[in-house]
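Presented sequentially are two complexes of chain A, the first with chain B as partner and the second with chain C.
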Partner chain A sequence: MIELRDVSFVYNGGGECIRNIDLRIEDHECVVIMGCSGNGKTTLTRLINGLAPSYYPGKLTGETIINGKPANKMLQWERAQHIGSVFQDPKSQFFSSELRGEIAFACENYGMNTGIVRVRTDAAIHDMKLTHLIETPIDRLSNGEKQKTAIASVNVLKPEVYVFDEPSANLDNEATEHLAQIIKQLKAQGHTLIIAEHRLHYLTDIADRFLYLENGRLTKSFTKEDLLALPEAIRLKMGIRSPQKIDWPELPRAEVANDKIFSLKLENITYSLKKKDILNSVSVAACPGHIVAITGKNGIGKTTLAKIMCGLLKESSGKVFIMGNQVGVKHRWKYAWYSANDTNTQFFTESIVKELLLLSVSTGAIKKHARNVLKEFSLYEYKDRHPFTLSGGEKQRLSIACGLLSNRDIMILDEPTSGLDGRNMQIVSNALKYAAAQGKTIFVITHDVELIAKACDYYLNL
Partner chain B sequence: MHTVHTHDFAILVKLWVVFCTMSCVFLAGDAHFTWTITIMSFFYIVVQCKWKDLLGFVLFYSLTSLLLILIRRYGFRMLIFSEFHVLVFWLMTSIFIVSWDLITSPPGSVSAFLSRIRAPAGVILGVLVIFRFFPTMKAEFRGLLESMHNRGLMSVRQILLHPVAIIEYILMPMLMRCLQMADQLSVSAISRGIEAPGVRSSYYATGMRLRDYACIATYIAFVSAFLIIGGFR
Partner chain C sequence: MQDGYMQVLADKSYIKLDPRTKIFILLIINISAFTVNAWQVIALAAAIPLSLFALSKKYYITAGFSALFVSSLLLYIFLIDTTFSAVSIIVAMLTGVINRMGPGLLMGYYLLTTTTVSEFIAAMEKMCLPKQITIPLSVMFRFFPTIKEESSSINDAMRMRGISFGKSKGSLLALMEYRLVPLFISCVKIGEELSCSALTRGLGSPVKRTNVCEIGFSYRDLVYFALTAVTLMLLLITKRI
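On to the complex of A and B.
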């Protein structure tokens, strides 16, 4: 049992904080923590697993009880034996490049006998159905497999409690279904599960309670029935994503036709790497103002296709036409903007304004356009901040804004809403519509059915 | 990168082999005898059944040998590499081989070794972060170059007109990512008990086996013979 009694926390230097939380989580319970980005979900998970204040220093008041024992009497490594943590981006938590070494890591830290380390590691690999991947380097695993590895590397210690921080953020729908199965299995085994998450639909049938955090306070608690009964307008206002699995919207396929001039047309694109076909004869086309969703499983070649569109990769065969003219790989970047899923490597200057105006001739008209775009994307108040200080959703919006200011007619966005709450998803969705209304042709690689339903006009399923 | 090998020598042995190999290369009276230590390094890789590494290094050594022959006997010249560069690569091949073998050891084995020699937790954590750091940074760097290309920062004109700005565009995001990654890895380690007291164990730990002692003895004998016969610098 975990109990927080009037717990408040503020990081040294300020930032997101937690205010007067009273929370009791019973053994074997599955609790989902919801709320907009920046409202304290991650901080609350850190207070439970002890990383705040042990690693993230700050001022903590109130009392946390774990299994009847005051948490402040436990050292961090003692707490980690009882509470296992799975983070949002599994690849950033791996120490080893091979599966067994990674999963064994926690047992090794506790100095368990080598025989026990091997038995537990092999059992965790078996339980997570990873046996066939033992010889595969971790870097080559799919996102879903990486997430399973991260869970196995916690499972190996057999903690009573699992704390997940947005575990589905980088997963496609199939991998999310697998994650739901694992969470269900952990619950059936009697573990206590605490999951901070935006995507709720896969947890609706598993979780016992849904807690809503707002400005660091736990303001509401929902049962599954309460959550499902929540009117959509209120849910959207609260920034909560749909608790139900959204049906795939009926969209026309973005097909090539001979009677139109498309802003971008790909004909029979094939891409092979090390004798393996990644893309096989893919054709797609779109006109100005179109928003095309590119969908498909993780690893199917969506990002590869995007990189071919914008000239970061050269196709093995096939043709790429921009505004009716065949354009070689070296020149495509002049017409097509690419926003990668990982926004951390996309910004180069020390302020948002400078980022937007990078390589632009800074005329009055361009500055005005930049100002309007920043306001449209709710970024104007941060205009002098360093891009690295923005949240994930804000970085995604800045990347799209840079695309708009780049004067390129085609924009290709890779998973712009992964890890975003309902409110930010709505803002990104509006940003895409705004860009399309400006005459841009937009391709969005996404697993987010909510985004597709809200913003996209066409689809291409790989 | 860290392929699992049950034939791996213990970390202590690997360190010893690196030390011996460096001694041979740097102290050798006649540098041309270093081919013997390179052949020895190939055997060292063979004993550990690392066939892929062996193939790569054999190709590398063959290429540098061929280039040296072409340069010395036929006056072959290259635009970028001089004879000196090729000779350095040729001489250092053995060091590359044994160092590569050390740094591609499973991190669990390395940390278990450090723990056995009572290295502080901070040192172990630092070493583990470094192990993971390079492959991750490689991927980050690739992403950064793609972004620069996308932004038009990699055009020849841009590079020629604003070389300092280009360096800044590379360095600043990389430094920020370094900090982020170090932070994420540290959190991951702490949440999995890196601070637990006592000696760490390892999935791969086998302790010193007969083959480890045999390897140490063989290298002692080899280095002694190499330096006695070939002389010191």
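On to the complex of A and C.
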């Protein structure tokens, strides 16, 4: 059992905080923590697994009790035996390059004898159905498999409680279904589960309670029935994503036709790496003002296709036409903009304004355009902040804004809404529509059905 | 899609040595590179990694680097003493760099491609190094592929922005800044997340760690230890004279 009594927490240096939380989570319970980014979800998980304040220093008041013992008397490593943690980004959770070594890591840290470590490691691998991947290096695994590995590497310690921080943020729909299966399995085994998450639909049938955080306070608590009964208008205002699985919208395929002039047309694009075909004869086309969703499983080549479109990769065969003219790989970037999914490596200057005007001649007209875009994307009030101090959703918007200011007719966006709450998803979706209304041709790689339903006109399924 | 380093599982084509042997070889090669002038020692130091690549059947790498080292050594031996001009100074500098840095870099590459992080940690623990050294070093080891990956996405982003030489703001200093600042920020962030993941899995407990990763010496290690020891001896002898 976990109990928080009037717990408040402020990081040294400010930022998101937790205010006066009273919360009691019973054994075997599954609790989902909802709320917009910046309202304290991650901080609450850190207070439970102990990273705040042991790793993230700050001022903590109130009392946390874990299994009847006051948590402040436990050291971080003692707490880790009871509470296992799984994080958002699979790529930054692993020490080792191989599955077995990674999963054994936790047991080794506690000095368990090697015989026991082996038995537990194999059991965890079997439990998470990873047996067929033992020989695969970790960085070759898909995001879904990596997330399973992360769960297995916590599972070996046999903790009573699991804390998840947005575990599905980087997963496609199929991998999310698998994650749901595993969470169900953990619950059936009697574990206590605490999950901070934006995407709700895969948890609706599993969780017992849904808590809503607002400005660091727990303001609402829902049962499954309450949540499903919530009127859409109120739900959107609260920034909560749909608790129901949204049906795939009926969209026309973005097909190549002969009678139209397309702003971007790909004909039979094939891409192979080390004699393995990653893309096999892909054709797609779009006109100005269209928003095309590029969908498909993780690892199927969506990002590769995007990089070919904008000239970061060279196709093995096939043709790329821009406004009816065939354009070689070296010149494509002048017409096509690409925003990568990982926004941490996208920004180069020390303020948002400078970022937008980077390399453009700052005339009055351009400044006015930049101002309009910033206002449209709700970024104007942050215009002098450093890009790296922005939240994930704000970074995504800034990247799209940079694309708009770059004056290129084609914009390709890679998963712009992964890990975003309902409110931010809505703003990004509006930003896409704004860009399309300006005559841009937009391709958006995504597995976010809510975004596709809201913004996209065509689709291409790889 | 990214081809990481440190994938023994994928790269079984290389012959296996104990990580401790590899670290020892790397250490001696680097010491000899910066202390010795005798070409015999340099040649032996280059021969060790070359033979490892040859035994792993990486014939292109072996042949290419052998040709490079041999020609650079020959130039060094015959040209330096016979002529003295601006040309020979440039040649001396160039061959010096190849002869001294080359073997170490090649050995470093071999170490990185054939050692998993688990093996590396196991090796350091068997050498009874304290946790305060083992953990930071293995994190560093773990970070090489990350840095490569992050820096390639920064490169992509720069190309998309059109940041390159010759542009109005593309001075060398600005280019360095554009490249390094995002790299640092993103590595710090990944490092932070990695620390969290390790701390919530009991890293930092006062207990002595165990290790399931099996490493051990074989006859190959013996041969290479001997070879390296010979290099070390030669190094000491030439220094003495």
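In this text, the second predicted complex is superposed on the first by the 462 of 462 C-alpha atoms of A that agree within 3 Å, B and C clash if a C-alpha of one lies under 4 Å from a C-alpha of the other, contacts with A are read in each partner's own complex, and residues count from 1 in each chain.
The rule is simple: contacts are C-beta pairs under 8 Å (C-beta built on N, C-alpha and C of every residue); 3 or more make two chains touch, one makes a residue touch a chain.
Computed from a predicted structure; not experimentally measured.
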Review point. For the three-chain model obtained by superposing on chain A, do chain B and chain C clash or fit?
Key: clash
Check your understanding: Which holds for A:114: it touches chain B only (first), chain C only (second), both, or neither?
Key -> both
Review point. Does chain B (first) or chain C (second) touch A:76, or do both, or does neither?
Key: both
Check your understanding: For A:304, is the partner it touches chain B (first), chain C (second), both, or none of the two (neither)?
Key -> second
Practice item. State whether A:92 touches chain B only (first), chain C only (second), both chains, or neither. Key: both
**Study point:** chain B versus chain C as contact partner of A:248, first or second or both or neither
**Key:** neither
Exercise for review: Would you mind listing the overlap between the chain B footprint and the chain C footprint on chain A?
Suggested key: 49, 51, 54-55, 76-77, 80-81, 84-85, 87, 89, 91-98, 100-101, 104-114, 117-118, 121, 135, 137, 139, 153-154, 157, 307, 310, 312, 333, 337-338, 340, 342, 344-348, 358-359, 388, 402, 406
Study note, to complete from the structure: So, in the complex, the side of chain A touching chain C is made of residues 49-51, 54-55, 76-78, 80-81, 83-85, 87, 89, 91-98, 100-101, 104-114, 117-118, 121, 135-137, 139-140, 150, 153-154, 157, 273, 278, 299, 303-304, 307, 310, 312, 333, 337-338, 340, 342, 344-348, 358-359, 388, 402, 406
Revision key, fill the gap. Within the complex, chain A is touched by chain B residues 1-4, 106-108, 111-112, 115, 128, 131-132, 135-136, 139-140, 143-144, 146-153, 158, 168-169, 172-173, 176-177, 180-181, 184-206
**Study point:** In the complex, chain C residues that touch chain A
**Key:** 1-2, 4, 6-10, 116-118, 138-139, 142, 145-146, 150, 153-154, 156-163, 167-169, 177-178, 181-183, 185-186, 189-190, 193-213
**Study point:** Contacting residues of chain A [partner chain B, same complex]
**Key:** 49, 51, 54-55, 75-77, 80-81, 84-85, 87, 89, 91-98, 100-101, 104-114, 117-118, 121, 134-135, 137, 139, 153-154, 157, 307, 310-312, 333-334, 337-338, 340, 342, 344-348, 350, 358-359, 388, 402, 406
